[in-house]
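There are two complexes below, and they share chain A, which is joined by chain B in the first and by chain C in the second.
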Partner chain A sequence: MEFVDYLQAVTDGVMQGAYYALIGIGFTLIFGVMNKINLAYAAAAFGGAYASLGIAALIGSGDDFGLPPLLMFLASAVAAGLFAWIVYTICFRFTPDHYELATLMATVGAFFLIEEIAVHATDGEPMDFPEVLQGIIEDPMIEFSDAFAIRGDLLTIFLLALIAMAVLLLLLYRTKLGLATRAVAQQRTAAQLCGISVDRTNASTFIIAGVLGGLAGAMIGAAVGVLSPLLFVPLTVKGLIVTVIGGLGSIPGAIVAGLLVGGLENVFLALRGITERDMYVMLLLFLFLAFRPQGLFGKKVLRD
Partner chain B sequence: MKHQIMFVAAAALAFAGTQSAAVSADREVHVAGFGAKSGVVRSFGVNTEAVMRAAAEKINNEGGIKLGDGTKGKVVVTFYDDRCKAEEGISVVRRIASGKAVVAIGPTCSNVAEPLFGVLQKRAGDASDTGLQFPIFTDTAIKGGLAKISEWAFRNVPNESQMYQSLFKWVKKENPGFKSVFGGVEEDFAHSRFTWYKVMETRAQEAGFKVLGRVKWLLNDTNFTTQVRQMKKAKADVIAISSHPFTLCGVLKEMKRQRVKYKQLIGLTSSSSLETLRGCSKQAKGIIIPTSFAPVTAAAKEAAAGAAKFNGSADLHSAAAWENMFILKGVIEKTGVMAKGDTVQADRRKIRDGLAALKSTGGLIGGIQRTKEGEAVKPYVYVHAQGKEWKILHDPRK
Partner chain C sequence: MDDFTWGMVQIVGVHTILGLSAYVILLTGQVSMAQAGFVAIGAYVAGMLTVLAEWHIIPAMVTGGLAASVLACIVGFPALRIRGLMLVVATIAFGEFVRLFWFNFDYRIAKGDIVVGPEGGEGFKQIRFFPENGWTTQDVAVFVWVVAAIILATLWWMDRSRAGKVLRAVGEDEMAAQSVGINLTVVKVAAFTAGGFIAGIAGAIYAHYTTHIEHLNFDILMATFAIAYPILGGLANVWGTLFAAFFIQVIVIEVLRDLGDVRNLMFGALIILVMNFLPHGLFSAKVVRKLKEWMGIGKMSDA
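Now for the complex of A and B:
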């Protein structure tokens, strides 16, 4: 392979890393506020994408999706926000706060429940999902040379993801809701003493994370062109890897780690082939856990 | 008085006869089905179950199955989910074998079939072998040569090696100018991997094609850009893709985005299903796939309609369950199965022996030859995707 091939692989990978970053942000946001992992997060995100397909199918007919792709993204975000709130209510709101394994196992159950609902609703079949520029630009490939090109649809998804991340940061650092979220994340009891409702803040965090996840689910559907329950497990794993590498609780970390993992994954694929690609990604995870367990931007973890 | 006695005796005989008829009407031949009904391969189990129930309904509506004592019994189908997992498949079959079923149709996945056949008795009648003595007649699991594992295992699945040998030869004959083939393989799925490396690649070379290379991806990949760029660079005349519908659709969409040029596209047998058309009918247009089922005969059309009635679809895999049901009906009638509570194990042995003795059977699109190893040699046609349907492109028998 020539240099331009690696450049192409990195470019494609970094753009796809944008949706890894969104999934990672969802995990890290919830962990940051509640200090707990929501393993059903990516499943709820894809639940949103499936719901948008369902809504589009109700409105449209035949090959017509019934909704423009960007409205499907919106529908997916709203539906995933709703699913995230349901997951919060079932798995976190009423489970014992001091027993962390209870919420973890509850989210594992929620993951499989959502996955199996998607399987039963579609018989596990791949569902056609519209590309983001469908109906706007027929051939979105931007070719710079025979050897280097950028997918216009993927570039659009990348830019949309960056906008979503910017909106999230604005929400967290420029609004009262963001202030409350950060206060609960930093010192829960103090936040409560200041009159902040922890329960309402937690629920809001789940909904915000769910909306981001719904966008990511629709983006992945649009990038691949197909939705399938096969995506649930690998994207959950990718999201967790991104969260650990970025640093648990760090949103900038999740953004950087998402793009990094996406880019490196494609380089590993180009260098070592498909059968070794994931091995190197996992090796990267182990290296971080061993030598920098706080991740790229997380708080330093002291060893016992 | 004598007349009265005669009348009472006649009435008693008539009553006894009625009772006897009632018993025979209640006789049931239990046939179990098993396959994946959860997880991403759920559609396989759903379709097989629909086809089995449709076939059972037809058999029962036509009077049922003639049993060894001349009475008629009705077919009762029970379907179990093995989740496409080996340990669950084995557990399900052990449960089936502990009940009234005289035979089972399944499983969906080759990774279930292979270990499952391993727990069956290897040689029928071998007293030193305590393996499970229960006949299994597979409709879907397609990996080559599995039935030889046990004399209790039989399969009615197509021979992919023969199908692709014929297909590549036909493509070459129709298009002598086509020189090269490039492959795409779903590397982590037993069937797709086996079919590329052991079947497609070698059969393409035998037909006179130069295989320029192959690219690989995994079953749950979301990114095919790098692989498709390699595919584009190869500039092959024929692109052969050995993968299941989800990644097939992802790859076909990426090929369209990257404007990959090819003269012919060939797909994996398992992709000749509605799944592919639901996922990417536009991009799959023109792809040729050999299949052992297409609704080309009256019987095949009836099977397809029956499957639809039970919310399934008849395809390459599930349609075999229809054939299996009618083959079993013939075997049960020929071997004198009794379908009584105390004859279950003897009935199972009769069915096994009956299946082993078959040299040929009927099939939905033509006669099927049976091999000594318990495998089938099935007729096939080439279909291509046209809109939301698979249409017959060529029938090699003509």
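Now for the complex of A and C:
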């Protein structure tokens, strides 16, 4: 491989890394506020993308696809927000606070429930998902040379993800809801004493994370071209890896790690092929766990 | 009983062993989502030994278990640096890593007029030790349960010995356990090693009764089954795991077969329901104590 091929692989990968970053942010947000992992998160995110396909199918008929692609993203985000709230209610709200095993197990149950509903609703067949610029520009490419080009659809997805991240940071650092969320993440009891409803904050955090996940789910659908239940496990694993590499609870960490994993993954793909790609991503995780377990931006404290 | 019923007996036996492999590790308060990976190692190693090297099933099974336990021991060490949720992520990734390893693993040799051995994504076919040696389904089922009974008895005995108390002490409160002189390193790594060995045994048996394994058998679903049995059954003693394996494999999956696809939805829903209403599992320490009182076994403590 020549240098320009690596450049192409990294560029494509970093742009695809945007949705890893969004999934990673979702895991990290929930971890930050509740100190628990929601293993059903990526499944709920895809649930949103599936729901947007369902809505489009209801509105449209025959060749007329019901929703323009950008509205698909919106529908997916809203639906995933709702699913995330449902996951919160059935897995977190009533399980014991101090016994995290029960919550963890319940989210695994929710993962399989959502996966099975998706399989059931689609007979396990992959579903076509519209491209992000479909109907606006056909097959967009920004060509720099014969060997290097930027895919327009990936660039659009990347920019959309950046906007979503910016809105999230504004929400967290410039609004009262964000202040409450950060307060609960920092010291739950103290936040409660200040009159913040921990339960409402938890629920709103799940919804925010769910909305980001729904966007990511639709982005993956648009970038890959299909939605399939086979994506649920790999995306959950990638999202968790991104979260750990970035540092549990760190949003900038999740963003950097998401883009990093996306870029490296594509290099591994180019060098070693699709069947071995993910093994190298996992080796990267093990390297971090061995030498820098707090991740890129995480706090030193590891004992929870 | 017909072959189908004996087949069920085999499945419940293997799943009980699978659940017990996670039980040991859960006692120390660690969640291992890597059990399916250890099962895969046991399955492939034992399968290669009986098919390629023509070993007997018993030494092959023990070697498969040992191979898995070596890997589990190596995984156990990082568990000292990372705890709780980080360990969940690490073990999920490790389990998937092992699965992908077998997905890429290709080692075949010609035996007579056929070529045998693991063939990457195609899987490992023709693990025919049982049929070649004339074992009937019934013989295999008895064999599975002899192994399961040995493991159940060993763990039941361990639970009542000092070792069991030490494991539970670490699971309840690491700091307190450490302050009474328990070596956390030894206990945690030992639990992982034992759990890996038991999972490897389960894998060796699984490979031989299905006669065909592929990487997709050892996915997150299997890892979830492994921790679901002890968590749903309760960690008070080994019988909870046995009961949960029986309940899920026989009642939920077989008896309700007529429900078709809806049955698959029930596994997830069942986990969520139990965790909401009985977070410590069906036979939690409290329930077991009450049961014993009711049966008149636990009266001694009242006197």
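By our rule, the second predicted complex is superposed on the first by the 299 of 304 C-alpha atoms of A that agree within 3 Å, B and C clash if a C-alpha of one lies under 4 Å from a C-alpha of the other, contacts with A are read in each partner's own complex, and residues count from 1 in each chain.
The rule is short, and it goes like this: contacts are C-beta pairs under 8 Å (C-beta built on N, C-alpha and C of every residue); 3 or more make two chains touch, one makes a residue touch a chain.
Note that the coordinates shown come from a computational prediction; the quantities given were computed from them, not determined experimentally.
K.L.:
Kindly classify A:274 by the partners it touches after superposition: chain B alone (first), chain C alone (second), both, or neither?
P.N.:
Only chain B; A:274 stays clear of chain C.
K.L.:
By the touch definition at the top of the document, which applies to A:125: first (chain B), second (chain C), both, or neither?
P.N.:
The first partner, chain B, only.
K.L.:
Is A:116 in contact with chain B, with chain C, with both, or with neither (first, second, both, neither)?
P.N.:
both
K.L.:
Which partner does A:266 reach: the first (chain B), the second (chain C), both, or neither?
P.N.:
A:266: touches chain B, not chain C.
K.L.:
Under the stated touch criterion, which partner chain does A:36 make contact with: chain B (first), chain C (second), both, or neither?
P.N.:
After superposition on chain A, A:36 lies in contact with chain C alone.
K.L.:
After superposition on the shared chain, which partner residues are touched by A:226: those of chain B (first), chain C (second), both, or neither?
P.N.:
In the superposition, A:226 contacts chain B only.
K.L.:
Check the residue A:105 against both partner chains and state whether it touches chain B (first), chain C (second), both, or neither.
P.N.:
second
K.L.:
When the two structures are overlaid on chain A, which partner does A:291 contact: first (chain B), second (chain C), both, or neither?
P.N.:
Neither partner.
K.L.:
Figure out whether A:3 sits in contact with chain B (first) or chain C (second), or with both, or with neither.
P.N.:
neither
K.L.:
Do any residues of chain A touch both chain B and chain C, and if so, which are they?
P.N.:
Looking at chain A, the two contact sets intersect at 116, 119-120, 233, 275.
K.L.:
State the interface residues of chain A toward chain C in the complex, per the touch definition above.
P.N.:
31, 35-37, 39, 90-91, 94-96, 99-106, 108-117, 119-120, 233, 236-237, 240-241, 243-244, 248, 275-276, 278-279, 282-283, 285-286, 289-290, 293, 302-304
K.L.:
Under the stated contact criterion, what part of chain B meets chain A in this complex?
P.N.:
My answer: residues 38-43, 46, 187, 216-223, 225-227, 229, 245-246, 249-250, 253-254, 257-259, 274-275, 278-282.
K.L.:
Can you list the chain C residues touching chain A in their complex?
P.N.:
Interface residues on the chain C side: 26, 31, 78, 81-86, 88-90, 92-94, 96-97, 100-101, 103-104, 120-121, 219-221, 224, 227-228, 231-232, 261, 264-265, 267-272, 275-276, 279-280.
K.L.:
In their shared complex, at which residues does chain A touch chain B?
P.N.:
On the chain A side, the touching residues are 5, 8-9, 12-13, 16, 63, 116, 119-120, 123-128, 131, 139-141, 149, 151, 153, 220, 223-226, 228-231, 233-235, 265-266, 269-270, 273-275.
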